[in-house]
Amino acid sequence: MLTPDVLQRLDALQLDYIDALDSKDLPRWLETFQKDQGEYYVIPGEHVEEDLPLSLLHDDCYARIQDRVNFIEKVWVGIYEDYQMRHFVQRVRATPGDAPDTYDMKSNVSVLYTNTEGHAQVLAVGTYEDRVRMNGGAARFLRTRVILDNFTTPRYIVYPL
Amino acid sequence: MLTPDVLQRLDALQLDYIDALDSKDLPRWLETFQKDQGEYYVIPGEHVEEDLPLSLLHDDCYARIQDRVNFIEKVWVGIYEDYQMRHFVQRVRATPGDAPDTYDMKSNVSVLYTNTEGHAQVLAVGTYEDRVRMNGGAARFLRTRVILDNFTTPRYIVYPL
Amino acid sequence: MLTPDVLQRLDALQLDYIDALDSKDLPRWLETFQKDQGEYYVIPGEHVEEDLPLSLLHDDCYARIQDRVNFIEKVWVGIYEDYQMRHFVQRVRATPGDAPDTYDMKSNVSVLYTNTEGHAQVLAVGTYEDRVRMNGGAARFLRTRVILDNFTTPRYIVYPL
Amino acid sequence: MDMPLRALPDPLNDYRWPAAENEVPKDVFSRDDIYRRELERLFAGPVWHVAAHRAELPNRCDFKTTWVAETPILVVQGDDSVMRAFYNACSHRGVMLETRRRGHAREFECPYHRWLFDEKGTLRACPAENDFIPGFDKADNGLAQIRCEEFLGLVFVTLSDETPPLREYLKGMEPGLELVLMGDGDCRLLGYHKTVIDANWKLYRDNDGYHTPLLHKAFTWLNWQGGKGSQTVTEQGHLAVTADLKPLSDTGILHDPSLLEFKAAIRAGGEGPQAKTGVLVLSPGTLISKALDLPIIRYSLPKGVDRTEIHWTFIAHKDDDPEMLQHRIRQANMMGPSAMISLEDAAVFNRTQKACATQPPNTQFVKGFRPGMDLAAAGQNDEVGNLAWWEIYRRLMGFQREAA
Amino acid sequence: MDMPLRALPDPLNDYRWPAAENEVPKDVFSRDDIYRRELERLFAGPVWHVAAHRAELPNRCDFKTTWVAETPILVVQGDDSVMRAFYNACSHRGVMLETRRRGHAREFECPYHRWLFDEKGTLRACPAENDFIPGFDKADNGLAQIRCEEFLGLVFVTLSDETPPLREYLKGMEPGLELVLMGDGDCRLLGYHKTVIDANWKLYRDNDGYHTPLLHKAFTWLNWQGGKGSQTVTEQGHLAVTADLKPLSDTGILHDPSLLEFKAAIRAGGEGPQAKTGVLVLSPGTLISKALDLPIIRYSLPKGVDRTEIHWTFIAHKDDDPEMLQHRIRQANMMGPSAMISLEDAAVFNRTQKACATQPPNTQFVKGFRPGMDLAAAGQNDEVGNLAWWEIYRRLMGFQREAA
Amino acid sequence: MDMPLRALPDPLNDYRWPAAENEVPKDVFSRDDIYRRELERLFAGPVWHVAAHRAELPNRCDFKTTWVAETPILVVQGDDSVMRAFYNACSHRGVMLETRRRGHAREFECPYHRWLFDEKGTLRACPAENDFIPGFDKADNGLAQIRCEEFLGLVFVTLSDETPPLREYLKGMEPGLELVLMGDGDCRLLGYHKTVIDANWKLYRDNDGYHTPLLHKAFTWLNWQGGKGSQTVTEQGHLAVTADLKPLSDTGILHDPSLLEFKAAIRAGGEGPQAKTGVLVLSPGTLISKALDLPIIRYSLPKGVDRTEIHWTFIAHKDDDPEMLQHRIRQANMMGPSAMISLEDAAVFNRTQKACATQPPNTQFVKGFRPGMDLAAAGQNDEVGNLAWWEIYRRLMGFQREAA
């Protein structure tokens, strides 16, 4: 069992991650990843079931995550119909990882979103399968995998989940 | 970083608040506010974005909160279509406040509701921006601001959020 | 107030319960109940309001819970339209129970579900009213009562909630 | 609902029913215009609907609200113990009068302008009446009443003046009703299982004895045999199957076989009506059954053409001792939307709804069917029992058969 | 919306309105075909809709997007301060041009092929224009403009060429509008309360003085008396009730009675227009009121036959001092979808919608009604004020009355 | 779906298409009656739909379920390797036979009465067959089969008998198909991106070369140039654009430019079919493209008039080495519902849907259009390529043009 202190730091990282996204503060979201190492994936649940290799978002290196932030902030602006996300996470498991100072964490996650006319719906539901590195006090994601139960998304996804 | 003890008392206050509402126990809800000082606001998210001064519910003094309880319990009875709320909160940040023994807290919140025919939907989603006073052991809200992402509510709001 | 350690073990039990269900691992779900003693009920909210004695699922002995698992795994296979659940719980209260080494716990719960075409909706919302026995380190449910706010379920319930 | 007096020329007039007597078109389950016509001709037509059982409003001045398709209904037990039914709408400007599911009330006050009705629907008071339209008379402005008759505690309503009297309508079903309602229908309410099926309401009533041992695998899994039985089909398209559902002989597969005891039968020594089991379909859309010790009324409430709420209503007999009461509550694990031997039905109905737009355009009833047969002579494990009802449906809806 | 030029033979041609002048059929609130006809004949017909108030787009090049039923509208204040309205669709392939609710923009660029329009709707640039269809002229391809006139800052639009000029349309409502818009309509926006009612848009505008003291129990609970007043009904079916809503004399029931101060009246010494209170219904679907110090515009935006978004729009006067501004913000607790004396309205409208399919088929207006009466002479607490509008509605929709 | 044999007199018979050849009415995207007619005349009409690619059911006895509009389809690879398609409904009472998306099955058992079909649709067994309607023959009661042909692994189905043979239907698209399916169509499935657009399915197929560099800002932002190319328009309204999407010359803007490598072209020395890029629209509603190293099949599945599910289906070549496979998986960041250069399309389609009820009533295709032109001669960056399809659509739907 992990110490309360470690758990609290894992949770703090998770909360920072969701709050950054809900605040549309993508640079802050980027910072929750281990610099030059972090990876980010969104994987349709059906692919896990059927063992298919594709992801919906597939950032297998930190540079890709950086490019993603740039696309949202610089390329798509003024085109997409904007929306406001709100994340809810529930850590269901956290264990020491294979490498020293790393931890594996699984959480349930749901994301509600509100469109520009003020109506809310479920955007996404699934799990986070995270790998975290504890660098002294600061935890950072080495890898975040979002397993998307609702693999047919109700709209196109602009922001990371 | 706040101590686990302070965090637990902040959470306990928050949980007491939502449980009182979900139980339609409005006097108990009222008690979560600092007597004669508590303030309560529900603010449409679009007003935050567009810097508009109006609230949806605007209880800028404790007496207003008391009056709200009375309206629900004494004036509207038998007219409105009743519903059952269920709150889910997730504290994303808690920090010491400006004044001594006060704390500022931000939480994500979602509220599902069930109508009299037994069907559930999303009623509200957004954030709580709370200011709490710790009076010895007992925490009380000095101010609760509900920022409502879904500013076009799916029905008229009877109970506080 | 319960000690952080007790709370953490109560939470761990709860999380194990929901993760087992969300993983469709029914034997693991069964294990969260006290062997030969656990009871499991799903009760429509309207029955609580109107004081009606019926439950939706009524497993008043451990053998019934075992039989339920068997029906899901052996009888209904290939007939029902499958779905993926995802639980979110929020403990709102935990107190020592009447008997030694037992605890009573109330939690808000919501369950989102995704159908085979990949669309998500609210399946259930309500509360858990749990009674837990602490056997040394291992907590087990003596009794789980799911009070279902949305007593008109949006589809037939296959898996326990 | 379109009010009948504003009937429109209807393109459905050209709709053709298949010539073969054992076929039913799939699009009757999915076409919105057919559903609209059902509202007029069937739900507001010459049929009786089960709106309640007295067990749901057992005391004087108890009420229950419910629906006949899109029409809200208020059923009240008067202070004279008589059951009455009303359109659940204020006679002034039409506000739904009562929004609670069930309750107790001597008076119903409309919130809008505070008109006040008593439990018999009489308008008792209306503010500022002296300033009303000349000739206004409270006596003319009570709640619009709905025809309402009772049988064994079942409260039936009909929206049409042309419906025959209830006893005539139910003719032939009396023994079945006595069986499932435990003789005298003197029942108490245990509770509800309410759920939604994504299927047309007619799929729900489309029941057959053919599927029972095949769909519900519990029977084979538990090596659970049905007993002998018989089937009744009435002129009104009602169906009664009294196939015995024998108690389970413990095969060691269930951890808790006590659930499937047939307590009443044991107590009665295995003889007489207590020892029988039956399922009834009352046209148009109510199922009433007693399986072992578990009597259930299933209301099917259409919510659009492809969505139906099912309210499983569990009752006990008023004379039950605590042991029997508890047994019935436990036995509810056996039947219900999530129960051992009925969960599968909803799955099958949903799956049928999804496949309405397929070829061939008709479904076929083949088990036990003989061209020109007497449908009332269908056997207990046949699927033709429903065809009597489909013929009534076809006529009520004004659909002509294709030439053969 | 079906475009008028493709009018179809319509089964509604046989629809009959009740003979009695004080009755309205319930199914006008629930029939989808009637709603479809409203889109053509009413929303795209010879009426003015309130699309905005200048307070919502106070500066040059400010814009607001909104809807006339299913038609998206873009209202822009030109750099010449003139209000203009456009169909919110690119003139090329119809992409919705602006998706923000409100904002500031000198230019509108369509993302699809980057056609660029200025704030007066003129097409300024389109990539590759030299390869366009011969004869293409940017001057012919600006945004399709919508007739737009202004009165006291209210921005009205009409989709029809046959609508009379605004001042003619509003005839008789000028004093009421001045009252509720605080004289000159020189306002600033405080914010919105937006909500959904599960009811037809016409229920929302169906307002009467009869219900006020009866539905809204706050009045009796607080022993709060309405003052004398008067009612105006115009030829276009507009309604103005200027019943005084007097400030509350503190009865000790409210913990915070300051909320219900009538600050403007106190400042004015209780005299003159500042001391008045009024509520206006502008046909077809806008309510504008000033209760005590709280002026509100209520837009009702139909979203299908049984669903309506209400945008309560709260304004202050531009000259308000901070104390008055703060007072108005506080007073918003009094009226709004969740407020002390208006929460009940939505409940009543929702409940009426649920009970459309009931008998009798018509609702009746009885308080203050006399056959053959001059509807414009209705009293302030009558419910007949709406009948003038219903008669206009009936005619616009082409519904004939049944023979008496 | 209404079965064709019950065709009704249809008010749409008066519907008029605009006279101008370059205009399309906006309400074809929003009118429910038009969508209903499409179900009959188009989706069940003389066209081929792409139902699957062999890569999705690569082994014998693999299956995939899908939809042709509202009709559920079961595609099975027989144990003889032949692709067959069936209505996904039991031939008895119509229960949807298979509910899984994809899988492997030698037999399909209907749960309701346990009729058993083999992978070629033959009815193999049905309980109690000896008690069936006289003359019942299993051979007549297999699954209703659907015409099914294959080309380069693409599995096409048509619900009509009148559809020409597939090769005739595809005439002119063969080179394009070879290009995007990497020569021989011998592919493996990588996975899906599935999403919903709130837009009519026809908006999704309405593609033009005019928008590409304008809507998709990534091209300008990255200074990424398209290469030369050509466009083919066929008699059946198919469209093939083989404009080169050159690999990005690294401008230092992307942190990870490796994503946009054109690995196959590099390997091929920049020559030959491997070095080409193309996008195809197969009428009515499938897009197939290969951008750089990323081949994708996009199924558009209508779910009502204003809602469409898009199933982006990503494939690789069976001979890919691990490096190429990994590269294709990475390159899926480039195209898809949430990808670098295609996220914008959904936004534009949704925004167009929202603005259907606006003036002018028609959208116009202007870029590259000349009255009387040969539509097949349209250039790669024109928007007129779609007009050939719109003309086919108009005729299939039976809409007459207005007089000019």
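When the chains are written out, they are named A, B, C, D, E and F in that same order, and each has its own residue count from 1.
We take it that a contact is a pair of C-beta atoms (placed from the backbone, for glycine too) under 8 Å apart; a residue touches a chain by one contact, two chains touch by 3 or more.
A quick note: this is a predicted structure, and the numbers were derived from the prediction, not measured.
Enquirer: Expressed in steps between touching chains, what is the minimal separation of chain A and chain E?
Expert: The fewest touching-chain steps linking chain A to chain E number 1.
Enquirer: Show me the overlap between the contact partners of chain E and those of chain F.
Expert: Neighbours common to chain E and chain F are A, D.
Enquirer: From the centre of chain B, which chain's CA centre is farthest?
Expert: So the farthest one, by centre of C-alpha atoms, is F.
Enquirer: Measuring between Cα centroids, which chain is at the maximum distance from chain E?
Expert: Computed centres place C farthest from chain E.
Enquirer: Would you say C-F or B-E is joined by more C-beta pairs in contact?
Expert: B-E
Enquirer: In angstrom, rounded to a whole number, how far apart do the mean CA points of chain D and chain F lie?
Expert: So the centroids are 44 Å from each other.
Enquirer: Nearest whole angstrom, what separates the Cα centre of chain B from the Cα centre of chain F?
Expert: That gives a centre separation of 49 Å.
Enquirer: Which chain C residues touch at least two other chains?
Expert: Chain C, residues with two or more chain partners: 4, 44, 46, 79, 81, 88, 117-118, 122, 151-152, 154.
Enquirer: Where in chain E do residues touch two or more other chains at once?
Expert: 99, 101, 111, 194, 215, 344, 347-348, 351
Enquirer: Chain pairs that touch, all of them, please.
Expert: Applying the touch rule to all chain pairs gives A-B, A-C, A-E, A-F, B-C, B-D, B-E, C-D, C-F, D-E, D-F, E-F.
Enquirer: Can you check the complex and tell me which residues of chain B touch chain C?
Expert: Contact set of chain B toward chain C: 4, 8, 15, 18-19, 22, 84, 86-89, 112, 114, 117-122.
Enquirer: Give the list of chain E residues in touch with chain F in this complex.
Expert: Residues 1-3, 5-6, 8-9, 39, 69-72, 87-89, 91-97, 99, 111-114, 127-128, 131-134, 136, 144.
Enquirer: Can you name the residues of chain D that touch chain F in the complex?
Expert: 11-12, 14-16, 22, 25-27, 30-31, 210-211, 214-215, 344, 347-348, 351-352, 354-361, 363-371, 381-383
Enquirer: Would you mind writing out the residues of chain E in touch with chain A in their complex?
Expert: 99-101, 109, 111, 194
Enquirer: State the interface residues of chain C toward chain B in the complex, per the touch definition above.
Expert: Per the touch definition, chain C meets chain B at residues 4, 44-46, 88, 90-93, 106, 108, 110, 122, 124-127, 149-152, 154.
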